[in-house]
Every structure is written in C-alpha cells, then in structure tokens.
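What follows is a group of structures, each given as structure tokens.
In the two assemblies presented below, chain A is common to both, partnered first by chain B and then by chain C.
What follows is the complex of A and B.
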C-alpha cells in the first residue's frame, strides 16, 4: 500500500521536466519533496495525482497500476499554493463537496464537516463565502476539503508559500498533527530546507527534474548522498571548493590545509569537492577544531539576530552564517574559521565519500 | 475658482450628452404641430396620445415584439454556443488555437452590409425569409465571436486549478461546468449577454433586409417617417424613447462589470 513511480518521465516540447524517476513512497508516511523552483516538484505531484500523464513509465498505487486512470476514480486529494476554493459555495459546502459528490448520507456529511472544521478552526465561518475570509483561513478550507474525504493520497503543493510569515508558522506546526491519524500517504512540496526539517518524515530532494536522494529527512540533511542533495538541502547554499588530498591532509591551496578525519585517511590521493554549510563557517574562532583563512567581505546581510556574510575565500564565493551582528564594510578583510570536522567530501562523480 | 471650474467642465459635458435624449423625450410628449411650429424647450400642450397610439396600434407594438423575439433568440444561441467554445480556448492548447481565436474576431470587422445580399438570397432560398430565427441567426455571425472573446477573458481569470480540484473531488466535467464553473463566471455571462442584446437590438440593416411583415423590427417601423396622415414626428419620438428603455434596463444589471466587457474580459 504505497505510491510507486516506475521509470516515470515527462517531456514537454523539447524540455525535459522529469528525467526517468523511480520513487516509492510508503503508506502513511509524511513525505517532503524538496527542490528549488523549476526543479519539477509540481510536475511530479501532478503525475502522482493523475492530472498529467507521464511520457513513459508507470505509476502504481496500492499494488495497482493507476497510470491513465482518471482522477475522479482515484482516491487522491490536493492542496495548491494558490487558495483554491469554490467561490460560489459557502465554507460548509466547500468542505462538504467531495462527500456530496460521493453521495454520503446527509447526517454523516454534517458530522464529518463539523469535525474537520473544528480541527482546522473554521467552526465560526461555516456559513460564509471563502472570499470573505483571510488567506490563512482560505487555505484552511482547502486543507479541510482535502482531508474530509479520507483519501489514501494527500498532495500538498507548497501550501504555505502564499501565506504571510506568522500564519505560515502557525499552520506548519499544525500540519503533522492534522495528518497523523488519517493513515494517508502525504506528499508535501517545499522550496525551504528549514520547512522540510521541521516537518520531519521522509524527504526526496529534487534537482533539475531528477530525484537526487530519498530517505529520512534528518539523514538526508546530515549525510547527503551527493553534492546535488547537499546543494538543495542547504539555505543559504552550501559552500563548495576543490581540495586536493595528499597523504593525511586536504589542501585548499598551497597555504591552507588541514588533517583529514581518521576514516578518510586511506582515501586515494586526488581532487575532491569539499562542502561546508554556511553555519559551519564562523567569523569568530571557536573551541572546535578550526582552520583560519583570510577572506574578503563582499556583502554583509544583517537581520535582527543573524549575520549572513558573503565572502571571497581564496577565489571561492562562500557564505558565512552566524548568530550575532557582525557589521562589515565592503572589501574589508577578515579571518573566517572553517569547522573542518563538519566538512563533507565528494568524489569526482559528486558522491559523498564514506568509509 | 478652481473648484467651480472642476465642476463646470463635466457639467457641460453631461448636459451636452443628455441634450438629444431630453429633446427626444420632450418631443414624445408634444403634438406634431407643436414640433413643426415654434421653438419650445418643454411641451406646451402635454400629450400622451403618441404613446397611446404605439400601445394600441399593432403595426407599432408588433415591431417591439418582433425585435424582442429575435434579440432574445439571438442572445440565447450566442451565449450557449460561445460558452463551450470559450472554455476550449481558455483551457486547451490545440493546433492553430491562437489563429482561430483571432480569426473569430475578424468576423466583427466586416460591415453588416457585406452580408446583407448573401443572407437575403440564402434565407429566401431556404424559406426562412421574414422569420425571427433568420434575423437571430444572421446576428449570430457578429455576436458569437464577441461572446467567445468576452467569455474567454472571464474564464482565463479563473485558475485552472479550480477545474482540477473539482475533478479530484470527484466531479464529472459536466457537473463541474454547470454547478461550479458557470456560477463562478456568472458576471462574464451577464456581460456577454448584454453585449449580444445591445448589438442585436440596435442593428438595423440586416434586420430590415431579412424581414418584410411578420418579423419586422421596431427600428424598421421607425424609419417610416411619413404616413397617410402626414408627418408623425411626435409618434416617432415616443417610439424612440421606448427603444432606449430595454437597453437602460439591461445595463442596470451588469453595471459593475461593464468595463470588463468593453475590454473583452481582460482587466
């Protein structure tokens, strides 16, 4: 009982939207599709829903080939980024509509809609039109309608992207609880790594129309199988540079080098790509083992309590993210500290090096 | 000073616009003798004779009935044919869709006179001459493209995701179209009907050419300026006043959306 994509592709005109993809999402799991815009998240979701036909390959649901089965005959519901509700129906009728179409008894409709409205805090608005409510409430209607019919597959396409900051946090916190008891397979797309981490469950990272990794969200984050996953799953983007291994040390260039972790000392001496997340590149020396490098500040973005500093570190465009306010002038020179224990190493095929 | 000027210009403009309408209404309450006689700003001998004549003489009131019949038939045909067409143009991509869509509009660019002769011949040959349906069908040539353009604009304003959500909820296409989509674009349908109604109501040339007695429209009756009893200018003014009323009545219902209609739904 799961949704499975078998060699699914999608080509529109001359553009490939989805490269051959195999993906199996387990029943009852909360799955996050993480990727930048245009990475194919929405297309993949629409293929799962059956709103689009794959160019090749098959989609299996609950051990049944559902490729080409019309959406009306599938047990799928979907929530879009835009707030999609039936504008001429009241909130009650909006939520009740999938049940009415399925000819559910009137008394059962009433109890299920009221139950769902209570869960999504819509009890006081049941008689109103969707247009009279706020964006957050409109999206709550859409979620209620998606959940009320107890479908086996619930697809959410960046449902919080159009909400303002406060409402987004509120609804995001409720998300896992809403789906916990349904037993449905949930697929949730987002562009924000932080959102994926907060929602938990499993994550599939998408990079330019191909799934680069699928697995437990925390594992994907801590041990990205390849450079693509590391890039998608880091905001600001992960810092990368070419390093050369010689003996027990990695050399960024002639002057900067550090000792390789014990497990990697037996690696072949060649060129590797090092990845270091921005929050592991500090502006102040810490107690951890660090390597100090002189760098030139390009831009410093200061928010209330955090500093994101764009640097030129020996020819590499790197970003440092740290708590506290660190004002810098453009072109100012400063020392940055790499927490080398946090470095990820990728070989020439961009796979994570693990021994 | 600036305050009075600000009011002055629009006031003059509105007076200028209203003057012919006032003159028409004022004339409709005068006797023909008064109209042809001395200049007067308002009726000296107020009379309702002109209106009484129109509502009692079949040659007059049948004109209104005929006009209304073919206008209503035309509006119903135009909008019901344009609805599925506009939906296809707004939702699907197919070979030549953009060209076909533009070509539709070019139908409106030909003057009706061009089609008067072919229509006359065609309807005479098929026995449709002097029937209401003949005029209604002839007006469809201009009204269907217009309705398709207006409705397409309104439909494209509705996100495609609404259709998909309905299908995911289990709605069949027709159930969705009737229960959800049509109510959603009700304003657009109202505007399209208004434009079809107005065009068909004011069009004279085709309506006059394709009818003789049984389906003679009011506009054709009104062009008969002189009768056996001489000039009947008061009567004509009363007929003109009555002709304005349906338009004013219909425009009231779509007053909030009319600007979108003139922009063919694209605002």
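What follows is the complex of A and C.
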C-alpha cells in the first residue's frame, strides 16, 4: 500500500507551489516530510489526501491511479496543526464520528473507541467535551479519530507544532509506537530537523516546492545528497563557504587551508562549497584534527547548557554550537576550530562530492 | 495609605459621577418620581404609591401593545436570523466579490431610520409606490394604510430589509474565523453539507449568533421611528408597538404618571431579557 507521486505539480495563479515531484513512500513506513515554512509540505499532504487536484501528474495508491478520486472515497485520515475536533461532541462521539459515518455496528464502535482511547490515554475523559481538555489531550483526540478509522494512509500536518514543549516531547515519543501496529503508511510533516531525527523512519526533505532528497532519515542527515538537503536538515543552519581546491589542499583563502581527505584528493582543482554543521565548529580545540581560524563574535546566545555563537569567520556569517557556557562580548575576537573531517563538499551544481 | 490621599482620589471620580448622573441617573430618577405621583398641573404633585403601575399592568391597552410588540419581535427574529445565516453561507469567502458583497450588505445599515420609514412608505403606497402598485397590478388587493395584515407585512418586510444585514455581517465574520482545516477534516470524514453546518459551523457560530439575536431583540423591541414614519401605528392601533404607545400616552395625552410607570415596566422587561442572554452567554463562555 505504497503511495506514489508521478510528476506531480501544483501551480496556483502565477506561483508554483510544487515543482514536478516523483516520490514513492513505502507501505507501512513512517515517513517524515521535512522543510521550512512555505516549502510546500502542506500542499504535498493535501495532494496526497486528494483534498487538492494536482496541476499535472498522477497519484498512485496501492497500485491504483487515484488522481481524481474524491477524498471521502479514499482510505485517508489526517491530523492538523490546529486541534480539529467537533466542538459540541463528547470525546467518545468525536472518536466514534468516522465510524458512525461509515455505518459500523454499535458494539464494534464501542470496543474500537475504547481501545483507541486506552492507547492514547483518554479513557478518563470520554464523557467530556474537547474544549474542557488541555491542548495535548485535544490533539490526542484528533489522533485517535485519525487512527480509529484504520485507514491505509495517515497524514499528520505538523501535529505537535501548537503544543508546548513538554507535551510535545511526550507525544512525540509515543508517535512511532502508536503507528507501528496499524500497518498504515504514515506521512508526518515538520519544520524541525531534530523532530525528524527522533521520529526515525524515512525522510523527504523539501526545499522551495521540490523534494531534494528521500531516504532513511539518518542517512539523509549524515550524507545529504545536495546542498539544499544539508540546509533544510540542519538547525541552526549549516555553515557554508566557497573553497578552492589546489592539489592536495582546500583553501578558504590565502591563509587558511587544510589537507583534503584521501578520498577527495583526486578531485578536479576548482571551486567547491564546503558545509560544516554548527556543532562541528568548536570554540575550544579538541583532540580531533582541526583548523584554527580567528573570528569576530557577532551575537552569543546562551541557553542553560549550550552556547550558540554567531561569528564572522573571514567574511562568512557562521554559527558555532557547543555545550557549556561561553560568554562573549560583541565584537570580541576569538579562535574557532573547524573539525575538517566532518566537512561536506559540494560541487558547482551543489551535489555532494563522493568518490 | 493615609487618609488624605484617599480623599483626594474622589476628585478623579467626580467627572464620571457627574456624567453618569446627568446621563442616566437624574433622568431615570425623574421618571421614577413621576411614576409614583399624581399631578393636576401647576407643578403640584401628590403621592400616588404604586397606583400607576397597577393601572398600567391591568390596562388592556398595555396588554395589547405588549402582545403586538412580542409578536413583532418574535417574527423579526424568526425571519432575520435564519435568513441572515443563509445569506452569510452563500457569500463568497475569497476573491474580488467579497468586498462588493460586504458593501452591498452594509448599505441598508447606513440609512437613517426615518429615511427607511419614508422610503418604504412611498415604495409601498398602493397608488404610486413601486411595490404597492405592482402587488395591486398582480390582482392582489393591498393597501397598508387600511388593511392591518398589509400594514404588518410591510412593517416586517421593512425591518427585514433594514436589519438582516447585521445578522449577515456578524455571521459572516463568525464563519470566516473557522479554520479551513475543519472543513477538510469533515471532507475526509465524508460528512454531508448538512452535517458540516450542524456539527461544525453552528457550534462555532454559537457566540456570535447569541450576540446577533440579543442585538436584534433589543433593537426590534424598542422599535419606534420606522413604523412611526411608515404607518404611524395604524391602521387603527394595529401597528402601535410599545414605544409608539408610550409616546402617545406621554406626549399625546400628557399622562405623565402612567407613561412613567409604563416606561419603567418596559425598561424592566428589556433588562430582564438582556440578563437572561448575558447569563446564557457567560455559561457558554465557561464551557470553552
């Protein structure tokens, strides 16, 4: 029961929301759509659901072309960023509503709703109305409603974005377990790279209306196929700079250079883009092979246990993220240490260089 | 805090006290004053107790106008609220037509009451009015200056024309505030158009409709200018609503005592209904 997009596009007015997209999401897998706001995540979900028609291309589900099939005839359920429940129904009636529309027998409705309520820890609230419950519980109702249908495709559109931090963590930890037994294909959108990594499964990264990569979440993170994926899949954003390869060394400029990894030494001598994640740019020298660069501090954001320091590194606006508290004055000069072994290199077409 | 600063604080309250006094308290107390006294002119007053209240409450004339008033208000609410919701549901949610519709809807609300009355008076005249002439041309005998039913139909029609827009605009605002996701969720559930209205839109419109009904109740219950200009309360007494009757007693017959007692009873009825609405609204508030 895989869902497959074949050359799907969506253009609204003069704006292209989705560029031609081919994507095959496997059956029973947990799929994450990762992208910044306005990258087209929600549009893609709506296209998959059948709430919108693609401008061109086809959508196949379970080996069948479902492009023109209206949403109520498909086996789809959806959870939204806002907590969408029937406002004057009790929790029980809310969860039961899709079953009632489908004319399921009363006794079966009771057992399925109770089962689902147990799974989502709603057993004690079945007689209440959604508005009387907390945001986390309201979203649990919406998730229960989506799951109770046993639909083949479950779409979750940033379901945790409106929850506060603590509830979000709690529900996020439960997510993969909730969907594991259903056998449904789950598509989950998020703007947060961390959330994608914690949910696991597969990830498709979206950048300005186009899928830049699809594959195992950890692989997408460690080996982004292109610069777009690397940018989407890094928070704070990945540090980039133009480097020139000459012989066995990469040159940031005349003074800063380092030895290229053995596998890349045979590369053509030209300009490349180097990418370095913020936590690989240290403020203290470590045992690893590093290159020391003098930089100017622009802003230092200190949280309880981490420091995010924005720097001007030889003309590039870079960010360093490290554990511990590192207070800096604005304009202060300091040395930063690039862990060159962690550098990613992209060629002029912004593809990852791998040999 | 010492006593001196407390005393000084009263100075700041004085403007508000004066304003409220001249605005509400003194006029109201004058009415209360009239309602418990009898006068034979010459500015001499005699204590009359609750006599006027008894008289008004027992008078058939008051019963008749109260009944007329209640019938009118009920009709207005029964027509304007469903009609307003229906029109609001039909209005476009986006596109260039939104502003056109909104302006068209707001137009009747911008017309002064006596102008509305005069307009409809001319519009419905059986010999020269566009509407009156047309109805008669269809072979229906229609003359709102002589037939009670025709007078009622015309008055109700005029109020519907004038005020349905208010319900439309309030409902439309309420509809616009429902997130799109609700409609999508309903579509995914396979809910019918009626189910969407009954289980999503209506519950979500709950509060805004309470306000619309409250406003329309108060306004129609206190209606004066439009029927006064249109029918003058006639033919006979058939469209003499409470406030028209009140003015007839107070200014026409100059019966200050009964008029004052009637005003207070009138005031109490409006206050009571508002209180009921307020309580209902606050209970809803507590739920969500």
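Keep in mind that, in the parts below, the second predicted complex is superposed on the first by the 355 of 355 C-alpha atoms of A that agree within 3 Å, B and C clash if a C-alpha of one lies under 4 Å from a C-alpha of the other, contacts with A are read in each partner's own complex, and residues count from 1 in each chain.
One rule holds for everything that comes next: contacts are C-beta pairs under 8 Å (C-beta built on N, C-alpha and C of every residue); 3 or more make two chains touch, one makes a residue touch a chain.
Please read all numbers here as calculations on a predicted model, not as lab measurements.
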Simultaneous placement of chain C and chain B on chain A, clash or fit: clash
Chain B versus chain C as contact partner of A:129, first or second or both or neither: second
First (chain B), second (chain C), both or neither touched by A:76: both
Partner chain(s) touched by A:238 [first = chain B, second = chain C, both, neither]: neither
Partner chain in contact with A:51 - chain B first, chain C second, else both or neither: both
First (chain B), second (chain C), both or neither touched by A:199: neither
Touched partner set for A:97, first chain B, second chain C, both or neither: both
Intersection of the chain A residues that touch chain B with those that touch chain C: 49, 51, 71-72, 76-78, 80, 82, 84, 86-89, 97-98, 101-102
Contact footprint of chain A on chain C as seen in their complex: 179, 181-182, 184-185, 187-191, 199-200, 203-204, 287-288
Complex contacts: residues of chain A adjacent to chain B: 49, 51, 70-72, 76-78, 80, 82, 84, 86-89, 97-98, 101-102, 142, 145, 149
Chain B to chain A touching residues, read off their complex: 159, 161-162, 164-172, 175, 180, 183-184, 186
Chain C-touching residues of chain A, taken from the complex the two chains share: 46, 49, 51, 71-72, 76-78, 80-82, 84, 86-89, 97-98, 101-102, 129, 131-132
